[in-house]
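Shared chain: chain A. Partners: chain B in the first complex, chain C in the second.
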Partner chain A sequence: MATINLTEFVTLESSDGFEFKVLRSAACLAGTIKKALDPSYGFREESEGRIKLATINGVTLEKVCEYLYYHQKHAEAKDVPDMEIPPELCLELLIAADYLDI
Partner chain B sequence: MPRVKELNRIRSSPPIMMDSADAPSSPASSEPAVFSSDGPMESAGIDNYQAPRMKRKFGGAWWDKRDGSAHHNDSGRDATSKKTKLKRNIDSGVWMHSDDTDNDAIAYSLPIAPNPPSEEHDYESDKYDSSQSLENFVHDMVDDGLACHSESYDLTDLGLVDKDLSPLGGLSALIKPPLDPGSRVPGKEYYRSMLPQILLNLSKNSLSRLTPSLFTIEHLTTLMLPNNDIKELPPQIGRLTNLTLLDVCNNRLRSLPYDIIKMLTPRGKLERLSLMGNDLFEMASLHRIITLDSESLLHTTTFERRKAYLDSYRTGLLEGDSAAAVCLTKYLEEVEKVCDPDQVSLYSKISIAGTKETQTPLFHIGNTAPTYYDDAGRRLRGSPRQPTGDGCTADVIVKMKDGTWGSPSSWFSRPGMLVPSLFSLCGKTALEHLSTLETRAMMARSGVELFNLDRFLDIADDNHELVFGPFRNCHQCGKKYVVARAEWLEFWYRPVNFVPFRVEVCSWACVPDEVALE
Partner chain C sequence: MSGRRGRNSAGIRGPHSALTDYLATHNISAQQIRDSYRQRLQQAEAQAEQESPEAGENGELVQDDDEAEAQAQAQAQTEAESSAMAAERSRKRKRNQEEAIAKIKKGKEAKKKASKKASKKASKKKPRGSDDDDNNDSDYDDDFLNMYKKAKPLPGQLENCELCEKRFTVTPYSKAGPDGGLLCAPCGKAVTKETKATEKAAKPIAVRKARRKIESNRLDGITMRGPKTLQQICIEKLANHSEDIEEFGELPEAIMNRLSEIFSKKRAMNSTTVKLFLRPDMDTVVIHEAAYLETEDFDQIFAVVPEIKRLSLKNCCQFKDGNMEYLIEKAKQLNAIQLLGANLVSNDNWINLFSARGKGLKSLKLEWLDAAFNDEAVQALIEFCPNLERLKLERCKQLGVDSIQAIAKADNLQHLTLRFCKEIPRKELVDLIVSVGHNLRTLCLENFLDNTVDPDDDLLIAIHDTCTHLSKFRFTENHECTDDGYLTLFTNWSNPPLRYIDVNSNRDIDNANPDGPEDIPIGLADAGFKALISHSGSRLEYLSIASCRHISHETFASIFDGEKQYPHLREINMSFCPVVDTQIVAAIFRSCPKIRTVVTFGCFEVQDVIVPRGIVLIGAPRAQDAIEQFGDVVMEFQTMREEMQRVSERVVPVMA
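And then the complex of A and B:
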């Protein structure tokens, strides 16, 4: 059981210490995370299943995780409703999105 | 009898005397007044309508306190003040509307249109004074036009630039005034719509982008823009749903926005679209088709001859100008789908089977392969380009009954990711609340430099140039977007031209299967 959990979920850690456990398949939608978790590169992130995102704070990272699941949910859908982005977060999210390549 | 007494008194004291301020305030013997506010009874008899009559004023407590001067019930002074200030203290005894004499006064207060409905006032631009600025001139003209309900505005050859047009938005308030039947019973022709049919002639100016207020004139029916400098028509032109004539001859258009498709008959009201003298993208000119068409298939087409032509195409007999041949074939196939086979001619109106009235046809002929862009507006590697230079260099794909013509050798299939990226969602949200300038400033303050965001904001600035705002509307789903994710050209047949329309969409998912799939 423990090994399955390790591979199925990854932990994203924000700059202010919040941790988010996200499905690996969802997290890999972000190009940067996917590369970090690619076993062929052999980063420590891959073996630990844990990524520290030093430039993204907790509030923003929560929204990023919400987007990852939104993306996974609608990946097959034809008519996708836009996700609501709180305007006060949009510039931080822009920086995060650019960094994570989503 | 009091009546006799009164008559006597009037005879003895002429009415003219009552005008003077020194009129006796309270005669020694008089009849008691009928109403307390009536003046002294000797002022006039009941049946004397000529003599001025007075009403006594009773001031409230506040009256004496006005401007400090103490007022007494001095009837003499009251009389003078009445004379000077109050004009309507004479009871005429005539109730309004009780007879015909009042009619004129009422009629003049209403807007009056020129009486015969056909005779419309045309507002000429002759009285242009060069010392005035052009924008003021346009503004004055709109004001004058609104005042006299003119429906026709001629702004030809004034050297107008885009910003001079902004006062034209005032024309959205124009109404067609009701006709004045005078005192007669209004006939049938007096009942007409109050919606105007505005004609705007902007020929021979230096316009290039037009102005947003122009597209708020809902009842603009005729828009003449020939001999200007227009490279691209703003998509907002789609808001002019009542337009029946659009003349954009002799401009620098390469294609038309897809929004115009919805305006054209039979989908909309636009009946005449003049495009001559533009350097439009073309897949095959009408000239080439006519040259090819030795049998004059375009003019008199019967079912048999069309069939023979189609057969000759299918058996591979056609050589030479295949683009023109394909255009003609596709056109004939479209005609076959909808038309009564005996009444078809390229130049005449076509009666569409099923609908009784004759309508101008509008047939989809072909389209180019779509170009796909990423979030920051960069063309995806390997994705085909849209034509840029003269003529149409890109392949035009024509899908016919028995096969597709013009399909590119390598097909770039639609990218799989159909969910909008977080980057574009955030960028959109940011521009909903901030201007591009503010966004740049805030990013500079945060010390982060995002190359993609700069490109994104550059595109938003470009959108300002064309659509007067950061957002454009998707031609497929109608959602607003900043960066077009895919674009292609569609060629539609409309007598007597193959008109290129540029379609731009907000996401890869909005590329319809007919265009996206080989």
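And then the complex of A and C:
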């Protein structure tokens, strides 16, 4: 398997230019990101360790990253408390979540 | 007012506790203690007055007041002394004492008012406002001040509210403010409310709510491992704020449907929110709970979404003739209609609908109609809509034999679901199956009984002979067909294995003989169940044999022995099969690698089952507390399976 060049962190870039450095393991909880980073497909995202998410703005992406870590932390736990989401962000976050498959 | 207050102050006694009584028996007077305390307190006050440099600057008025106070104090003192000497308290004397205290207090109030006028600094001598002075005073002063504070909320007194600064009369019920002062009644109420709210928000209720939620999820068959998906969290949050949403924007249809579901579940689907779900570019409108919608809202659907192809409205009580006419006029593309409880539509309009949509109509599902929709409407449907593929008529009270005869002419039917309220002669039903059965993918016949003739298995035999393309089969609430009938149906059936089988409540009903006749078992029993499994076990995804009471333990054990595999079975309902026990449930976990839900209501023999990870066991009356019903244990056979899956996954990309 091509596990040689896998960096520990990957960069997620929002539409308005914010960058979030996220643990690869957390980022790969999102199906779309996982596919983009999959070495066997050989996308450019994989070689650069960087994914530009042109449809997601910085505020939403921050929340997405928060969720990724929240998910990673509670992956095996039972009765996990729901993550707090500001209501005004819900719709955008929902669309982003649908796109990212989380 | 003042009279009342006077009476109040006179009527209120000092504390007369059990301790006071006890002390009295030991010749210790609570009165005396109190008096000496008051004396000390007055001394301290006098001292403070002397020490404070501002004292001299006070206006005459204040000094006058102080004099009056001193007099009252002296009076109180003498009285106290006399009472102490007597060492015996009469009620009257006590009242005098109280009056004296009230006088003192009143004197202080007067002083307060006066000093307010005279100078602010004078008011600092009032115990509550004297913080600044206290800082300079001795520790003793601090102590006495704290004691004084406690003694302070004496009823009948006037006080300024700590929050709103209004003057009010102190009562025994006056609440203390955040900084130790007193609050007026309205402010006090507000504060209590707040504290109660915060208390409520605290833990215990959260725990109870969580428990409720867990129970609810258990019944829904949701396994609770790991966090929810972000989508799920967002959707639930949105449903909680349904009134604040202005527009959904370009949400994918799948998500729209999930939102519609949760809005319906939370009873948030009303005239305002339904508009969120209407977009001109959509071709499907599904509203699972339309009970809160008005007649105009239904018109809105067709006005906003004229291209609509599929319409599903459940509990659309206000769907009227007018709506039906508008639907006929506007929604020309409509080919699938599902309406539940549309009782305000007349027969004529149903017929109009069928003639207008005619060949376009492919699917019709109607349930819970009693006021209209009779046999003529069904005849019109079959006549005008030859392309009908899917028909579901459940609990339509006016339908009878004529409808069955009409449906028998529908050649293109692929999915047929019927549940009538009237009894249908079995012969008619057999004719129906014989004429439409060969095309059917879905056949659901619920509660079809015929008391007029002797029970026989003709219906099952007809299904066996005619239907060859079924994938979903439901045949329930029948106590006429025998086990032999089911055996015949599932033996050498040219139909491929079924995906979905629901044969619940097929059993003999005889209170005197709960086990049914022994020689000819009624309902789905051993032979029938074995035949069913050997026919469909390989593809079966859903199986309900609830209330099939005549299946023996032996049969269950031979079918679910932990070795035989049913690779696709996801859900099994064995409720009220009394023989099902722990062993069988455990064997199901091993025999069905994809099993997610096992329902065992009324299975009293199921106890102490260890449920593997990812599986939900519902019902199990004896096992509520004893077992962990949400699987948490990773069983050996599960890890083995996962291992094998991983291997096969790795192999696939190489091959590709």
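Note that the second predicted complex is superposed on the first by the 96 of 102 C-alpha atoms of A that agree within 3 Å, B and C clash if a C-alpha of one lies under 4 Å from a C-alpha of the other, contacts with A are read in each partner's own complex, and residues count from 1 in each chain.
Following the convention adopted for this analysis, a residue touches a chain if its C-beta (ideal position, glycine included) is under 8 Å from a C-beta of that chain, and two chains touch if they have at least 3 such contacts.
Since the model is a prediction, treat every value here as computed from it, not as a measurement.
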Clash or fit (per the criteria above) of chain B with chain C on chain A: clash
Touched partner set for A:71, first chain B, second chain C, both or neither: both
Which superposed partner A:7 touches (first chain B, second chain C, both, neither): neither
Touching partner for A:102 - first (chain B), second (chain C), both, neither: both
Contacts of A:40 with chain B and chain C, given as first, second, both or neither: second
Residues on chain A lying within both footprints (that of chain B and that of chain C): 64, 67, 70-71, 74-75, 77-80, 82-83, 85, 87, 90-91, 93-95, 97-98, 100, 102
Chain C-touching residues of chain A, taken from the complex the two chains share: 40, 64, 67, 70-71, 74-80, 82-83, 85, 87, 90-91, 93-95, 97-98, 100, 102
Complex interface listing, chain A residues touching chain B: 64, 67, 70-71, 74-75, 77-80, 82-83, 85-87, 90-91, 93-98, 100, 102
Residue ranges of chain B in contact with chain A within the complex: 418-423, 425-430, 432-433, 439, 442-443, 446, 448, 450, 452-453, 477, 479, 507, 509
Residue ranges of chain C touching chain A (in the complex, touch as defined): 210, 214, 224-231, 233-238, 240-241, 244-245, 248-252, 255, 630, 632, 653
